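Two complexes come next, and they have one chain in common, subunit A, joined by subunit B in the first and subunit C in the second.
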Partner chain A sequence: MNPRALGAWSFAALTVALATSNPIYRALVLLCALDVLVVFRRRGTHIRGLLLAVAIAGVVALAITVLFSHTGTHVLVRVPDAIPALGGPITVEAVVFGATTALGIAAAIIAGAALSIVVEPHELIDALPGVLARSGAALGTALNLIPGVGRSAVEIRDAQRMRGWRPARVRDWPDIAVPVVLTAIESSMTLAESMEARGYGSTARTHFSVSTWRPADTVVTGCALAAAGIFVALRVIGVVGDWYPFPTVTVPPVNVLAACCCFALAAPLFAWRR
Partner chain B sequence: MSARAVRVAAAAPLLAVLLTAGGILVTHGQAPGAAAPCAAATFAHRVALVVEHGNGQSLRECIGFDSSTITGEQILQASGIEFATVGYGSLGDAVCQIDHEPASYPSTCWTTTSPYWVLFVARGGGSWSTANQGVSSQTFGDGDAAGFRYDPQTGGAPPPVSPAGACTFSAPTSPSPAAARTAQASAVSSAPAQTVAPPTPTAAVSAATAGATQSPGVIGVVPASRAASQKPASVDTGLLLAAAGGGVLAGLLVVQILIRRRRTA
Partner chain C sequence: MTTARFTQFSYWYPGSAIPALDCVDIEVDGGIVALAGASGSGKSTVLRVFNGLVPHFHGGTVRGRACVLGMDVLSHRTRELARNVGFLFQDPELQAVYATVDRDVAFGLENLGVPRDAMLSRVHDALDRAGIGALAGRAVNTLSGGERQRLALAGVLALEPRLLVLDEPLSQLDAGGAVSLMETVSVAASRGTTVVIAEHRLEHVLPRADRMLFIDRGRIDAAAPPPPHLEAFAVQRNSVATAGASQWSVRGVTAGVAGAPVVADVDLDGGGDVVVLMGPNGSGKTTLLRTLAGLLPALSGSVDRPRGRVAYLPQNPTSLLHRPTVRSEIEWTLRHAPDGDNGSVDAALHAFGLQDVADRYPRDLSTGERQRAALGAVLVGGPALALLDEPTRGMDAPARRILVNAIHELCAAGGSVVMATHDQDLATAVADRIVQVKDGAVRVAPAVEPVLA
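Here is the complex of A and B:
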């Protein structure tokens, strides 16, 4: 698969998931994204941590929505009015709306996470258009340095302790901070020199591996962008609208064409070979 | 292992379809509640209530009450018309839904661009003016009129139709002569309002001696075209399609996870 086609698919899934608050469309996008993630994930990648993060984000969104939207007909419990902002009834409808919000967040995260789990990070940087390639490389390098700084901080702390360093006050911390900053500067100079030695900054762009554009990529990109375009158009003309469970929960309306747009996001499952 | 996976994949869409169909029937089965006018009760005071929908259809009622004033929310409660509010703390309640319009609303009641219900006040047969207080704090006295109009937020906020005919006292004049004429013409041409005679002093006395604990109630309803009733129960094609497709996708997910687990095991 081509990283650019995957980027187009990810963008389309994100657009559809965020275009409406209707939980049925969001659930369909989430299912498509999960399928793509499970079928095409690289060997050695783990999605358990991602699913845990999605679950935590969903629970937080659910809790916030339930505690702060005091409307709806069916009251579960009543928080005393003395508590500011939280006081008021907690309703079944608010729980449903919280679940809808969590569904949207989950769909958006999974659609975005496909970019880093299905293709290699360097493939993504290569896929950026020429204008953004250097910014992308700089950003990627900077993000790569953060764990490096963490590692060097731990090493320096251990070394100082072996020399009998026992921090008692905040004023003792420069003993670690100064060497960490100096090491970071030194390692970034080394990195810059090695990148320059490999031709970074010259006019000709080099690629370690060349990703080819196959007919299947055209199919995926076409389906995804058409789905997002038609869905947004349906939203603009009012066929697809927002859905709210207040004052009572109703079955969300589903438009056949809009549902087909969501299904079109499953195109990678049929077009790409795994 | 794979035979079980295939069975799960086949069962998932079927289960989803059954669940969804059950949900549709349960939701559409309920009948909208109808208000029964309490013609027997007599009241010391009366206010007219006008509810004008976004499509121009309007409801007019005459509400009787015994206390000196009545709030807009109490009028709605007495009218028997379906309505829903959201509390805004010390600011009082906001009206989000009247007579099932809109069908649903966000937890904040409205957004910056969505239509909303505007409250109008007419004092003693005067013309409409927008209320300067919320529905739970705006008070009405004898001979006043309360008007709710669903404003689409696309232009100005013209007042609702005249409440003429809802109660026996004189009606406030509408600013637009043409609108007033049509409104009054329709009120005249339709069947006369089922208003009871103004309460006689003896009736008022008897009500007062009875303890005056009766809650406000409907005196008369101008027969008007009510908002369109709910759609009959039917199986939604879009919903069925979504359930079937979602079931297939979920089944595929389960199969893929099972295959991966077997490979690693």
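Here is the complex of A and C:
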């Protein structure tokens, strides 16, 4: 698959997920995006951490909505009014609205995360248009340094701990933070020097990797962009609207064409080889 | 044609009143030229003149002339010189730009605007010459240090440079890695590339060098004979510590990261002596040291540490430096010592040869001086147990001698030392016992024959 086609798909999925607060469409986008993520993730990548993060973000969104929005007609329980901000009724409507918010967050995260989990970050950077190639190289280099900074932070913490460092006050943290930052700066200077020594910055630059664009990439990009375009158009003319469960929960309305747009985001599953 | 000629070349780093290079007059024309000198003498600075990193990247003031392959260094930028001058740096971790091997080798060729078809064959040719043809598609972060250094070399060879400059390329490599890197370099030299190499580990370089230059405080005297301290590294053991009562021990210890054992069922102890852990990379030496330090809880078994301070020197010791002066760096350790260690800062400065740089900013010092500053900061006072992980990596001969003395003094004062190293000479010089660590198991080697002075 071509990273640019994946980028187009990811953009389209994000657009649809954020275009409306209707939970049916959001759920459909989430479903398609999860499928793409699970089927096409790179060998050796783990998505458990990502799913856990999405779940936590969802639960937090749900909890905040439920605890702070005291509107809606069907009261589940009542938090004593004596508790500031939290006090008041907890309603079915607030729970549904919280879940809708969580769905939106989950769909957006998964659609965006697919980019980094399906293709290498470096492939994405290589896919940047020619004018950005130099910034791309700089960005790629920065990505390479990140694991090193993490390792050096652990090393430095251990070394200072063995020299008797015990973090008691905020004032003690610079003893770790300062050497970590200095070491990172020194590392980037060394790397910058080595890039300079390899001719970085010349104007007549050529390219090593050329990613191939297959018909399947056209299919994915076409489907995804068309889906997003039609969905946004439907939203603009009012066929698809925002939906709120207040004052009482209702069944969210579904437009067949809009639902088809969401399903079209599953195009990678049929077009790309697994 | 002369490859490079420096005429009365002097150089001052920005804000420095003392010249880093002082009227250097040299001429290089072919072959392998070894550049030797103490830490802080200006080796790295001279090398950086060959491709213009000094002064273009570092700034500062220049007097005199330097001409490389017919180009005046002052009027040509590094990226122009890069077409003909390849440069290999010390740290294998900090030279890769891209995440996969072949992609990274191509980086320099992309910058020079080599057409893509030519690029492919040059990348693979360079990988083969560097001896890592089989690693072409691999992710850079899965490579060992030795493989990464050869990757960096391949990136340089792909440019087909007429002059190859190497700045302590062996310091982070084990003996096997050093030998194979030097082999590749001498093949390049036999094909007509001029090589200039600065390296502390002269035993790997001297047999292949055609010529040697010495630098001392920024001055190069082409006619000077080799200074005596650059002879082969040999330390006479001046005392034979006798193992006293056990001060530390590990009993049936299994340890590792995230529940996965790296070392299993290890029994070791010591007291007032030097135990050296040797073995291949990844065998569990660092894990064992970290467990002994208490940084890594043992998965099972028991670890006993002595009552006093436990000092720990990590693999990249210079990264711990964070104080404004070397003196305050050493004071910091004493101030934080749990038992109110009342060691003397001045004694430590003296023991590690840091008197002259005591009031300087540690990160401005040369690599070797920084290492000694880190050693001083870790070993100051009288730690009851000193744990050293690869302490001689990238160290020059005088610094190694200082380290050996410090270890002897520590033991004479009743302390114990446990040290992981690839450095056979160091092991022979200080070890009371050598313990082979392999695949997570330990085997105590036959007693070391003491060499008496």
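FYI, the second predicted complex is superposed on the first by the 218 of 274 C-alpha atoms of A that agree within 3 Å, B and C clash if a C-alpha of one lies under 4 Å from a C-alpha of the other, contacts with A are read in each partner's own complex, and residues count from 1 in each chain.
The rule is short, and it goes like this: a residue touches a chain if its C-beta (ideal position, glycine included) is under 8 Å from a C-beta of that chain, and two chains touch if they have at least 3 such contacts.
This one's a predicted model, so the numbers in the text were calculated from it and none came from an experiment.
Of the two partner chains placed by the overlay, only subunit B lies in contact with A:94; subunit C stays clear of it.
In the superposition on chain A, A:32 contacts subunit B only, with no contact to subunit C. Touching of subunit A by both subunit B and subunit C, each in its own complex, is seen for no residue at all.
The touching residues of subunit C, when paired with subunit A in their complex, are 51, 53, 57, 78-79, 82-83, 85-87, 89, 91, 93-100, 102-103, 106-116, 119-120, 123, 140-141, 152, 155-156, 159, 290, 293, 295, 309-317, 319-322, 332-333, 335-338, 363, 377-378.
Residues 24, 27-28, 31-32, 34-35, 38-39, 65, 68-71, 73, 88, 94, 97, 242-247, 250-251, 253-256, 258-260, 262-263, 266, 269 of subunit A touch subunit B in their complex.
Of all residues in subunit B, only 20, 23-24, 27, 84, 86-87, 96-97, 103-109, 236-239, 241-242, 245-246, 249-250, 252-253, 256-257, 260 touch subunit A in the complex they form.
Of all the residues in subunit A, the ones that touch subunit C in their complex are 120-122, 137, 140-141, 143-144, 147-148, 152, 155-156, 158-166, 174-175, 178-179, 182-183, 186-187, 190-202, 204-210.
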